[in-house]
Amino acid sequence: MTVLDIRAYHLRLPDTARSVLVGVDLTVAAGETVALVGESGSGKSLTSRSVLGLLPDGAATAGAVRVDGEDVLAMTPDRLRRLRTGTAAMVFQDPRAAVNPLRRLGDFLTEGVRLGGRLTAAAAAERAAGMLDAVGLPASVLGRYPGQVSGGMLQRVMIAAALMGEPALLLADEPTTALDVTTQAEVVALLADLRERFGTGLLFVTHDLGLAAAISDRVYVMYAGRIVETGPAGELFDRPRHPYTAALLASTPRPDAPGGRLTAIEGRPPGLREELTGCPFAPRCPLVTDLCRRQEPALRPAGAGPGHRSACHHGDRTGEEATHAQS
Amino acid sequence: MRSPDLGAAARPEGVPPMRRTVLEAVGLHRAFGGVQAVDDVSFTLAEGGSLGIVGGSGSGKTTTARIVAGLERADSGRVLVHRRDRGEHRRGRAHRLARAREVQLVFQDPYLSLDPRTTVGAALRETLRLHFPGADHPRRIAELLDQVGLGEREADALPRQLSGGQRQRVAIARALAVEPAVLVLDEAVAALDVSVQAQILNLLAGIRERTRIGYLFITHDLGVVRCVTDDVIVMRQGRIVESGRTADVLARPRHAYTRLLLDSVPRPGWDPRSIAAARRALAEMS
Amino acid sequence: MTAALLRRPGLARLRTTRAPLHRTCLAFVALVVLAALLAPWLAPHDPNTVDLGDALAGPSADHLLGVDASGRDTLSRLVTGARTSLLGPLGVVAFSTLAGVAVGITAAWRGGPLDSVLSRGTELVFAFPGLLLAILIVSVYGEGLLAPVLALAVAYLPYVSRLTRSLVLAERARPYVEAYRVQGHSGLQICLRHVLPGIAPVLLAQATVNFGYALIDLAGLSFLGLGVPALTPDWGRMVFDGQSAVQHGYPLSAVLPCLAIVLTVVAFNVVGERRADLVAGRDR
């Protein structure tokens, strides 16, 4: 069952020369972990925020963003509120910025489900205690203030809060970036556990390729507001079919790699004030040809498996280059 | 692919070159309130060498970097650059400038480490006027910008008109303008995108090859430390738990915490659950 | 900047974000300043010419706003009065801002025992209500503008120094200031060249608001008969002089200067707070 279905989604902000999201197609099935990978300006955060209807002022959209069958873009504010406290929930990057430091964590956990009287105070408190247990925290945390718990514990509270409404879809926007590297592993383990237990679909937004490769079933790679490659995690990282994915992999430093220079991509991603013709990655691509500059490639099947697609005119040649670079 | 060591021909095979020690920390201690942030930390850095300090949050690596840079005072212990004790706090302009020429610092956050009201060129000029008042400033500014991969267009820009990577290049240029003996990089690439990070790391490697600056590289990222350092020390709760050549420590870690850090790096086949258990075991151990 | 601007509660409720209000107030401030600068040319009559035969007359073609109990033209006195009424607060604000900023920067930058001494010292001054301090000083030194201005300046100093101190403490912790320290610049250079320009907008906004309050305080002193000498056309003094006129049923010569004070203070407050809001918005 598909819990998230984004279809041909375009997003345009005022005062920009081009759309900030172009033709995004993305699905997440129940119980599946999907990683959305990209750097700054790729549009990954905007995509995940669109799922909850958190659009910036003046945004113009086209296409559909369906959560559990219903189009978020067409929802009334009331329905949106029910969506955000029930069907879908988000865990943000910085737990300290996401919570009111002057209120107890127990209040924070229960306020969503108590809105509109969906649960009584007592029932909400019980569920909160249950959720805290699921994330490995004692019920005493309910009475504490955010300043009294560590970053890792607070992020776990955020996850518990996200699960309070028993959502079908969980969105995590760089949930471990602000955490210590050892805490990161714990939080990721927790998300995996909970996914199994509750059958929630998880959309994990990150810039960390290694993390995406390690925990997700499928991966979408974004560049300049477009999906440039998607496929099963293992296959995508073993043999990427888009030069950008390959370049990202090559420029990620790893502790087990031989020391020395990394192959860095020259230049920067295109800004929003530049118009684009042809492939957005063309100015920086090692495989670029005239065709690339003229015609924007569509997302087409590439590689071995059925789910593997890449938006590149020369996707086949990428595969060879990538394996060559990694060996 | 390392660039060839120019002194290799004169030495027997496999023996590393003897280099002067440029930075030495001896028995540093620093406590905040009741917590010992830095506990008996000692290390040396050779001229032109690169030493990494890794650890999780609360390990004391940032406090150590700040003590070396002079932003914090150690409760006890010494920091020596070219055998001269930095701890002697003498007043006076000459002394202040001399200390600046010993150690310079590049901060983590590219958005906060530059004065938002000063253009790039003006910032560099300030530094040059302070340390090299008689020199040809416009030429030197152009040289520095070129060295970090920036051009004239950036010289007239305010920080908010630049990207994170560009600002970090400016921060590096400003530190290099002082012509220091040691450059401390406090998580200098942590806030950057992967592709920009790679560019900056390559830039730093290039600079080290051409000058004789020593790097003290603070990071939590083991991939970065592998890429840019020769030696590494691992810190936990203020203490050094392991040290050695970077390649050796990462390939054959001896301390449980180092192993935990390595295991925390995500990779295919990664089991995050076992890390949680290992972390708890380590906490109980200490 | 998270340091909050100090304002009195009542006036803070005035919505200063609406643009027409701000524009009107800015225009009014400009008007008053112009009147003060061009008074000798603008005033239709000599403000001090006494004409007892004409006392307490209402508005007429010759005297647009009437005359006061001594036959002096109210309009001329209002326009000329703008000078002293604005000059006093200007002195208060100038002195308290300069001295307060110096104290605040020193306390925040140096820290340690110097900070303790300066902070405790300014807290002591806080304890004295400015107006009472001014009255005390005037009773010792007699009439004149200088004594109450200095007294009020001392009373306002702690507000400025406390604001400056918290602003500088916040800036000092920022990485770019630390970077300048590591680069080898002296504390004084960093404060003057980088920290001060950064906090100046907030300080100017506070100074503008303080101007309004100083105006009220000085006018209050003049109203009590302390402050400016008897014959000076000064708004506060005019209210004092007009007390008997009010009792006789001819309130114009007292009400108009009152109105002038109130409007000017409100206008300065609105302009000052708007600046503060702009600064806060820009930093967000």
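Note that the chains take the letters A, B and C in the order they are written out, and that residue 1 is the start of every chain.
In this text, a contact is a pair of C-beta atoms (placed from the backbone, for glycine too) under 8 Å apart; a residue touches a chain by one contact, two chains touch by 3 or more.
What you are looking at is a predicted structure, and each value in this text was computed from that prediction instead of being measured.
Novice: Busiest chain-chain interface by contact pairs, anyone?
Specialist: A-B
Novice: Measuring centre to centre with C-alpha atoms, which chain is farthest from chain A?
Specialist: Between chain A and the rest, the longest centre separation is with C.
Novice: So how far apart, in whole Å, are chain B and chain C when each is placed at the average of its C-alpha atoms?
Specialist: Here chain B and chain C have centroids separated by 51 Å.
Novice: Between chain A and chain B, what is the gap in Å from one C-alpha centre to the other?
Specialist: It comes to 32 Å between the two C-alpha centres.
Novice: Suppose each chain is reduced to the average of its Cα coordinates; what separation in Å results between chain A and chain C?
Specialist: A distance of 54 Å separates the two centres.
Novice: Quick check on chain A: which residues sit in contact with 2+ other chains?
Specialist: none
Novice: Could you tell me which residues belong to chain B and also touch two or more other chains?
Specialist: none
Novice: Considering the complex alone, what residue numbers of chain C touch chain B?
Specialist: Against chain B, chain C makes touches at 174-176, 178-186, 194, 197-198.
Novice: Going by the contact rule set out above, which residues of chain B touch chain C in the complex?
Specialist: 69-71, 93, 96-97, 99-101, 103-105, 107-109, 112-118, 126-127, 130-131, 171, 174, 178
Novice: Inside the complex, what are the residues of chain A that reach chain B?
Specialist: It comes out as residues 39-40, 151, 180-186, 188-189, 192-193, 207-211, 213-215, 234, 237, 247-248, 251-257, 259-266, 268.
Novice: What part of chain B is in contact with chain A in the complex they form?
Specialist: Contact set of chain B toward chain A: 1-2, 56-58, 163-165, 193-199, 201-202, 205, 220-227, 246-247, 250-251, 260-270, 272-273, 275-276, 279.
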